[in-house]
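The data blocks that follow each hold one structure.
Both of the next two complexes hold chain A, though its partner changes from chain B to chain C.
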Partner chain A sequence: MWSRRGHGWRIAALTTIGTAIVLPLVVFVLGPNMPPGKGTPVATSQVTDNTVLLVVMTPFTVFILVYLGYALTAFRAKPGEEGLDGAPLRGHFRSQVAWLASTTAAVLFLAIFGTTELLADNGAGGGAGPNPVTKPGGAPLPVQVIGQQWEFTYRYPTYGGVETATLVLPVGRKIAFHVTSLDAIHSFWAYELGVKADANPGVDNIAYVETKKISTFHVRCAELCGLWHGYMSDTGHVVSDADFASWIAARKRQFAPVMKYLPKYSSSYNPDPTFRAG
Partner chain B sequence: MRRAIYPARVRTKVAILATGVAVAGVLIGLYVTLLATGPAPYTPPAAQAAEGRSVNLTLQTVAAVGKLAPNENWVSYLVREHGTWHRSTVWTLPANTLVHVTIYNFDGKSGLRNPFLGQARGLVGGRFAINGKPTAVIDPDDASHTFAIPGLGVIVPVMGVADDAPHQCDDAPCPMETAHETITFTFRTGKAGHYRWQCFVPCAAGFVYGFGGPMQTVGYMDGYVDVV
Partner chain C sequence: MRRRRLVEFNLLTGVVLGIVGFYVGWWLGHLVKAPSLDYFDDTGQNDIALFVAYFTGVVGFLVGLGFANYPVQRMLGKPPSLREKETEGIGRYFGLCTDHKVVGIQYLIGIGAFIFIGGLNAMLIRFELLRPTHLAWNGNNYLTLVGLHGTMMMGMMTSGILGPFANYFVPLMIGARRMAFPRIEALTFWLLMAAGTILMTALAFGGFPTGWTGYAPLSVQANMGMDAYIAFFALVGLSMTLLGLNMLATVITMRAPGLAWGRLPIFVWGTVSTSVLMLLAAPVLISTLFMLALDRTAQTGFFNDQAGGSPYLYENLFWIFGHPEVYILALPGMGIVLELLPVFSRKPLWGYRLAVTGLLGITLLSFLVWQHHLFVSGINADLRPFYMLSTELISLPTGFIFVCALGTLWAGRIRLTVPMLFALAWVFNFLIGGLSGVFLSDVPSDVTTHGSFFSMAHFHYTIMGGLVFAFFGAVYYWLPKMTGFELDERLGKLHFWVMFLAFNSTFGPLLVIGFLGMPRRVVTYAGYLQGANEWVSVSAFVLGASMLVFVANLVWSQVFARVPAGANPWGSKSIEFQLPSPVPVHDFDRIPTFGPDPYPYGGIEEAGFDGTRPAVSPARPTP
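For the complex of A and B:
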């Protein structure tokens, strides 16, 4: 029923047809709804990146699924042959070259594309370490994110180093998150902002973002950090300049009593003790 | 000519492996269940009263829980129920209710890693009292523990007993004649929910950063508050 010479062409034809059907769905239906949404330019760029990734992987995925379905249909054992060995496997030089060449091209393209996107977006919302390769123009508002078991707190060095338990940002501003930890490894993930940066003790991990619209976003820890890791979440807000000024003034008043005990603002902190005597 | 794909010895090995995986799964399940099983939850008596009321929650913190728990040397919270101290860190509180908390702390000073947590938040009146004296903040180095329900925005630093205080407590539950600090405050529970509470002071003796053991185990310095 199946001619051996036609297998390759049939699989290629089915892959082409399948890709032609799925690809528009990926680009126009799935792509715009990819995470993390379009809360900031960085987040929007991540949506584009995720869509590009999907577009590149679509033909390969379709090919693999077609091949699987085709093999199950065309190469299945006939009744009475279940216990017999199949035909011996042999290499197919042209197929191997085609597979290696296409996948290599895809991976190299994604490597170049990904690197370009990282540089273009000043880290693309990820932690770029204490000395980022690229920085946004202007003077971003520095906000320090302090991870600890099990809560994030935030310091605003340009507002007297006041520390708060909630994250509020002014709209239309470039923000430089300085992410660090006081104990274990955490990860600061401001989902809708498209920011995700590891919080390591003794490390100042910088991530940039620009707030574009008044919004609410979720903050979660994305690094398994102990018993209450699952509860280490918060809700942040992007507010107008006036509301931010009012909010930060209120926090300075609220936390005035503890300010005298806070250490001088630093890129990271190494408080004692590191080991409690028993 | 037909051949069996899997010889008998292979089938036997597969059967043994599958049995082993199943047994391991059951054992892991039992272990996890055991870990998750703590002391019985505590419900203040007034929790069943009408709305618009307040309830009292009376706690003590001890440096070593003693025979009240499997890990005798671990630091722990205890709760007073019908005049008797129990080790329970799962509490049920009524929603939209004022909770008057009294903590008798018999443990020494460990210090906060983040001094910011030395200021109380989320309390009625914004302050708490140490031995009857109102305050909003303590020196972070003097903190022994915290009472914190982050989901409700509540955190209170608990003043530690001075190292040179006379009549230090040896065995939990600690009698009131031994050295202690009394912390009192009030918070409102708000809407119903399942919240976790924790201590923020790294008070686990013998662990790196003081954050192992009792700081990572429900029933000692962690628990749940079920607001119903």
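For the complex of A and C:
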């Protein structure tokens, strides 16, 4: 029989080789295809983030799979050995310490890395509550997202508080989404922008993003909100400055007659609570 | 000798009194009138009546089963019997029985049936998702199916291992002959059966739209089916609390002389840590649901932001329970796997203390992570780094479990029996579950994955791939001990391989589908995802079919073939395998003595062991 030391070296070697093969694949093939794509700076850094997570996981995964495969071939009971016991090992201090040290290092790295990414990206596209810890410089364009059963509407406070049923954003601008709800909890998910923020009644949940290129993106509700939740999706547009200006001017004209029926723009609204729906 | 009574208390009387109680309560509830409740008449939705009906129905059911006899006789000053139905015969399975082995088998059958229903729901869900647009169910029915599936599974599987296997084997493993509170033990089971039935009645009241999480304010708006969800989960919570309490009391106070904590089999440690979680987390669930029920009936405003409450409050309370809950589902699986690996590697458990530390570490940390479910909700956004750290820290104790599992294989003599295959599959599946969890714990990454099919696939990897695989490992390992008859090995291997491959082929692609932007709980999805969803659905049907292989195996081997298993079919050194199969009513003739090591495999000389501990004596009851 091979010595136990031999087993250890072979597993170490296989793990190293396996990692050396898989890592480049992860970095160069899988990584660039990670979600949510490179539609905005925030989305791009989420892609980077996902790639880093994959890289950190790779050696551990390869080790465990190699070990499993190796153990199941090398340590199988041979015919005739069924009644016999294996070696009565009850632990091995050095390998336990090595395991603890490497997993701890990985975990601390992940936590620190995630925190820096979160702060550097002003909340990384996630809903950061009414008073985000970090804010982008300059004056982002505020856009209010109002979740309601079962659609999103959008208000542009800097354009007279006009409310529209489609989301149109100017390109190359920092945007501050102010997400709120009139009824149940919804979640505003603009996939390609790398934005997700829950819409809670009475809460102004802010998420920052910067648009990068002229494009369309998917909007879906990502929190179960009742009967038609499965149909609560639409398409948003990132357009040139000129297109945006003419679009919003047209909307202001179009909705001018009904503006007086809209509630005044506010960070959240008080709908009638005494209703009951499916 | 027992006197024959005119009316025997059993399942039949329980069901009859349960139904009577339900209608009495329904009528009583309609007597409640108040101006703020006028809408009851307008909408035909009288939540108060339904809650009262569920309550009186459950009480009637329990009285019919005979749970009132003992307290009543005590109050009347008559000395009641301490044991009930602890006899031979099939009748003891259909009523209140205080034999821990009977309760274990009751759990196995009862919970198994409800989990089967939950699985059927999953098939119906996957059927709808064959097409990106509406196919078979409308929005309400689809959501009800998702809610029924998720709630039934989460409610029943919490006791999926502790119920059948801890009730049956922990008293044996600690040399106790019974649980600390045998009547409470029986009560936990019958509460679950009442709960499961109540959840099914949601269908008669229009279903419920909230999934298993029941977020307010949607759950406050929802129609009467929601009350079934509330009653179900509150009863499950009660059952869990009592189960945890009973297990802890048993292990703490009833270990055989000389059975120190460090000598307990690791499965007992898995049970202890799970019980701690149950005891501390489940009461939070009960209180939360009570508040929700008040919001729905008495028009309080706990979760109504315009009445001084907040939907965040519900989310927080739910996950303060909910995250420990997911570890209530994970820890027993770990206990089972670490129990099985030594038997089939023929080695002691590698790193016993590390494994115990892992289980206890998970128990502690799981109370400190709940807001990772609320990373994009806008609440406590400044605390997200903390919850990110605490969540990632859980991978350390979880890593202990992994390294102990791997170490146990080292230089063993591995036999790939059916239970061993399931235990090894746990290692693989839980690995994927853990890796996908890393994405969810990282806030920037969670912005995409939260609320998507990715997170759904993640928790199926940990619960289905983890707990359910461990559950089947336990079934194949212990069922011959419980019934005395072997399970068929060939059918078992077929079951395993179909289930393992179909499982990965179902939930692996779902991770990708989630990454590509498909949310959970939606009845329609983007057209470009149809191909992938069809693949997943077909795999899911195969996965469902693998369960039929198991049922066939069960029926064939236990009803028709009936090959006697013998006392120790696996050559296990665990104490229960030193007893006859099935275990006799009185468990042991004499309380056994226990050696210092629960896994005395391999000679001590060969080990290069430092020899400070006394020589290993096999854990065998002295006759």
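Everything below uses one rule, namely that the second predicted complex is superposed on the first by the 260 of 278 C-alpha atoms of A that agree within 3 Å, B and C clash if a C-alpha of one lies under 4 Å from a C-alpha of the other, contacts with A are read in each partner's own complex, and residues count from 1 in each chain.
Methods note: contacts are C-beta pairs under 8 Å (C-beta built on N, C-alpha and C of every residue); 3 or more make two chains touch, one makes a residue touch a chain.
The structure displayed is predicted, hence computed values, not measured ones.
By the touch criterion defined above, A:231 lies against chain B and chain C together after alignment on the C-alpha atoms of chain A. Applying the stated contact rule after C-alpha superposition, one finds that A:195 touches chain C and leaves chain B untouched. If you count the residues of chain A touched by chain B and by chain C, you find the higher number for C. By the document's definition of touching, of the two partners only chain C reaches A:127; chain B does not. Touch criterion met: A:84 reaches chain B and chain C at once. When the two structures are aligned on the shared chain, A:212 is found in touch with neither chain B nor chain C.
With both structures placed on the common chain, the touch criterion links A:255 to chain B but leaves chain C unconnected. Touch criterion not met for A:178: it reaches neither chain B nor chain C. Applying the stated touch rule to the two superposed structures, the overlap between the chain B and chain C interfaces on chain A comprises residues 83-84, 183-184, 226-228, 231, 273, 275-278. Listed in rising order, the residues of chain C touching chain A in the complex are 39, 43, 45, 139-140, 142-143, 206, 209-211, 213, 215, 217-218, 221-223, 304-307, 310-312, 345-354, 374-382, 384-385, 388-389, 392-393, 395-396, 399-400, 402-403, 406-407, 409-416, 424, 427-428, 431, 435, 438-439, 441-448, 450-452, 515-517, 519-524, 526, 571, 601-604, 606-607, 609.
Partner chain C is touched in their complex by these residues of chain A: 4, 7, 34-36, 45-46, 49-50, 53, 56-57, 61, 64-65, 67-68, 71-72, 75-77, 81-92, 95-96, 99-100, 103-104, 107, 110-111, 114-115, 117-118, 121, 123-130, 132-133, 179, 183-185, 187, 189, 191, 194-198, 200-203, 205-207, 218, 220-231, 233, 270, 273, 275-278. Against chain B, the residues of chain A that register as touching in their complex are 83-84, 146, 148-151, 153, 163, 165, 182-184, 226-228, 231, 255, 257-258, 261-263, 271-278.
Residues 2-5, 73, 110-111, 113-116, 118-119, 121, 136-137, 139-140, 150-151, 153, 196, 198, 200, 202-211, 215-218, 222 of chain B are the ones that touch chain A when the two sit in their complex.
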